[in-house]
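Here come two complexes built around chain A, the first alongside chain B, the second alongside chain C.
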Partner chain A sequence: MGESVAVAALNGLVVGASLALVAAGLSLLFGVLGILNFAQGDFFMLGAYAVWLALANGLGFWLGVAAAAVVVGIAGGLGLMAMLWPLRDRAHALVLLATLALSLILQQLASNVFGADAKPVAAPIDARIPIGSHDYPVYDLVVVAAAAIILAGGFVFLKYVRYGIWLRAVAQNQRMASVLGVPVFRVYALTFVISLGLAAVAGSLLAPLVSVYPTVGLDINLNAFIVVIAGGLGNFRGAAAIALALGVVEALGAIVIPGQAVQLVVFGFVIVLLIVRSQRQRVLVRL
Partner chain B sequence: MALLIVALFAIPPLYGQFLPQRVQNYLIFGLPALAVGLIAGHARLLNIGVGATFGVAAYTVAIVAHHVTFNPFVLMVASLASGVIVSVLFAVYAVVATGIEYLLLTLLTTAAFASLPLLATNLTGGENGLAIPPQGAVVVSFGLDPIQGNGFYWLLCFITVFWCALSSYLLSSRAGRAMVAIGRNPVRAAAMGYSVHGYQVAVTLYSGLIAACGGWLYAIGNTFVSLDLLGLTNSVNAVLYSLIGGVDTIIGPLLGTIGLRFLSEYSGMQSTQSQLYVGFALLVVVYLLPAGVIGGLRQLWLLRLRFRAQGVPEGEEPLAATLAREGGFDATFGGVTDE
Partner chain C sequence: MLELEGLHSFYGRSHIIQGISMRVAPGEGVGLVGHNGVGKTTTLRSVMALGPRTRGRIAFEGRELRGAAHARARRGIGFVPDAEAVFADMTVEENIRTGALLGPRREHRRCLDTAYELFPVLGERRAQLGGTLSGGQQKMLSLARGLALRPRLIMVDEPSEGLMPINVDLIARALKRAVDEGTGVLVVDASFQLLKTVCSRVYVMKQGVITGEHDLDEFTTADRLVQTYLKGEAG
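What follows is the complex of A and B.
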């Protein structure tokens, strides 16, 4: 029983770590621009395909992860920005609709280009460590460590780096930041790039664990929304912490009650949390 | 409008059995879209949970028919009641939250409802769905066979026209206008003495009743319910139909349902790229027709008024007043603004 709990907790940590990357990006985008991106999970999917492509072309796994971050982050981020920029002063419904449309298009294009079948991706590390009678894959722990490093880097960036500080300033008061000389347009562009880059990295890291198919981002998208809401809209650190907690709670909860029931409890918890917060929610990027 | 109603009742049956079957489906899914139009377009509460109301109402029919009775009146009342109970939850959200928080609450609640059938598989059939037993398949629809003859189709037409007419009447009434005013500026409406939360609760329950009616009709028309009905996709579809048709109109959501479902079905038959076409159609609406199709037509009509008003002699009604009076036009997306 103890071993099962430990293995389940580790599994939850792996899921939570990758979820934290997606949710942190989503949270950043909402905090700075007030955008809820329904296509965030699809950039997760593109990151996963980037790794699959890299391996198929003999470029290596880690190069695929780097390519996912850079190519999906920059091309996807700037593309999404160009797409949503004309809608920046329009209703939320328009932005939601546009990102939903993008999600449908990306899934269909991925299906056309790569096929609808699930493509396995080999983990770059085959080693396993014993946990009691279980042999636990080392790569899973590497995913957790990589996510922790990236998120810690994001925290340091937001706290100490000039652009990170500007990003928080824009999130707090865009007009005032602009008056004080903050290059708001560049900050927006950076936010898009970081946000989608994080989703792509998550997808590329998780590819060996979930296989790659056009709708692989859908499930993680809903969970990322839950995390962003529970962590506080626009709260980078909150999103990361809640993602880890959610992953572990779901994995451990599934040992004692059906997975659907765990999910229902999580939904209930987040709904109550959102109701409590809804009257005093301030949309900022907080640390 | 009268021509449209006549065409709805008369034309499809003249074209044999196939067309009424398809229109039947469009009308059923048009009802939750109409509900979204009322709550999002007029009351400006962007509710993504209407599909949950629809799904719960449909499941109620199947569960009661499977385990209790085939009595069509009992099924109708149980179904509508269950839909209204779900709507009470959304009404609570309308009171405690606004804007993006309200939207997210409805989204999460819908996701929660979608997981319910898998928790009670004995009752709901789980992933296999639940069929109304064959011996009650026609009984549950008041003896009107949804497959043979036009009786069920005409019942559906009547119910759809009834909800449209009632909604139109309510919107033009004093209460309806107050509700629209609350949607546009709740603070000002409250200052004028209107019960903002009271109206929001009322419109949520009313639109929930319409969505539940759609769920009831779906269940008795198809004699089968499945997980898809409660899924987020079904809910989001209702929102899309409504936004595409024109969320602050009565007829827009129904036309949006017909247009998008037809596009999806037709492109699905022609190729495997239906998702791509629907995605691009959405982008066209977002960038070129932000007020929806009917909203776009209304803008054209206002443009025409503008040309006509250029020749109006001094002292007559100013152009701005004409525009505001004729259209209630405020240049925002489907009436869903960020005020």
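What follows is the complex of A and C.
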């Protein structure tokens, strides 16, 4: 039983780590620009296809991950910015509809170009380590470590690097940041690139675990939205922490609750989180 | 340094500023006084391109001011608004560094030292979140952050509003020091004590127009100044 719990917890960490990357990007985009991007999961999908393409062309797995981050991050980020920029002062519903439309377009394009079938992606590391009587894939642990490094890097960036500090400043008070000379437009562009780059990296890292197909980002998109809302909209660290917790809760819940019913545990966990957060908020208001 | 000629400002169809002209020279403190709602803050916001649609000439150091607020800030203009000027979830030090990061690395430390020298309480609270400071300390932080960047012109909106006299004195002395160091200061404020310390001239504003320009020496008491802008003409 102990081994099963340990393995389930590790599985939860793998799911939570990749979810944390997607949710952190989603949270960043909302925090800085107030944009809820329904297409975030589709950039996860594009990242997964980048790895599949890299392997199909003999370029290697890790080059695929790097290409996913750079190409999808920059091209996707700037493309999304160009699409949403004219809507920046319009009703939020228009932005939501635009990203929803983009999501459908990207899924259809992927289906037309690559086909609707799931494409397996081989993990770059075959080794396994024993955990009791289980042989656990080393690659899964690499995913957790990579996500942890990327998220820690993101934290350091936001806390100490010039553009990271500016990004937080713009998120809190765009007008005041502008008055201090902060190049707000460049900060916006960087936010789009980082946000979609994180989703693409998550997709590329998770490709060997989930296979690649046009709607692979749908589930993670839904979970990422749950995480971002429970972690606090615009809260980078909160999103990362809740994602990890959610992954572990779901995996451990699956031990005792079979099938899709485990989602009840997940949603129960989210409801408790929201109640706790709302009580903390009331205390803050009282102070 | 700063010259406004025939400046009109509009919020939608509301014609707030109606053709004002004024100037601020380097090393000069200038006050802008008048009732609430006459357009003083809108004047400062117009110079900084923060919202109102403008017509007329806004020139800085002989060249017309164009572009967004950040471009104007980079030309050497600082602006300290009256409210919501502090990044609430960033520490005091991060608040000051946000502007300082535009300059070379060696300037970052100098900016922090300048801010802490002007208002020692900020140095004591450097790791505290901006939003948890008292109202007076937040005013000090936003002014220190603006002055630490050594702008050639700084515009300050209601720096003494809601402050205890001792803090008004601190803020007045910080602005006076900037004037003495050659910075042009344009300040909107109702505190006679602060205006007397910082400014040599005041413009009186009423319903979107400048109704008078006076040397501060003309006023020996706060009452005389208030009478002047209540009437909208020299008292």
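Going forward, the second predicted complex is superposed on the first by the 262 of 287 C-alpha atoms of A that agree within 3 Å, B and C clash if a C-alpha of one lies under 4 Å from a C-alpha of the other, contacts with A are read in each partner's own complex, and residues count from 1 in each chain.
Here, a contact is a pair of C-beta atoms (placed from the backbone, for glycine too) under 8 Å apart; a residue touches a chain by one contact, two chains touch by 3 or more.
Because the structure is predicted, anything quoted here is derived from the model rather than measured.
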Q) Now for A:R162: first (chain B), second (chain C), both, or neither, which partner does it touch? A) second
(Q) Between chain B and chain C, which one contacts more residues of chain A in the superposed model? (A) B
Q: Report for A:V182: first if it touches chain B alone, second if chain C alone, otherwise both or neither.
A: second
(Q) Under the stated touch criterion, which partner chain does A:A122 make contact with: chain B (first), chain C (second), both, or neither? (A) neither
Q. Looking at the overlay, what does A:N173 touch: chain B (first), chain C (second), both, or neither?
A. second
Q: Using the superposition on chain A described above, determine whether A:I149 touches chain B (first), chain C (second), both, or neither.
A: neither
**Q.** chain B and chain C contact sites that coincide on chain A, given as residue numbers
**A.** none
Q. For the complex, which residues does chain B have touching chain A?
A. 40, 46, 93, 96-105, 107-109, 111-112, 115-116, 118-119, 232, 236, 240, 243, 247, 273, 275-276, 278-280, 282-283, 285-287, 290, 332-334, 336-338
Q | Contact set on chain A toward chain C in their complex | A | 162, 165-166, 168-169, 172-173, 175-184
**Q.** chain B partner contacts - residues on chain A that touch it in the complex
**A.** 34, 36, 86-87, 90-94, 97-98, 100-105, 107-109, 112, 222, 225-226, 229, 233, 258, 260-261, 263-264, 267-268, 270-271, 274-275, 277-279, 281
Q: Could you please specify the touching residues of chain C with respect to chain A in the complex?
A: 48, 50, 68-70, 73-74, 78-79, 81, 84-90, 94, 97-99, 101-102, 145, 149
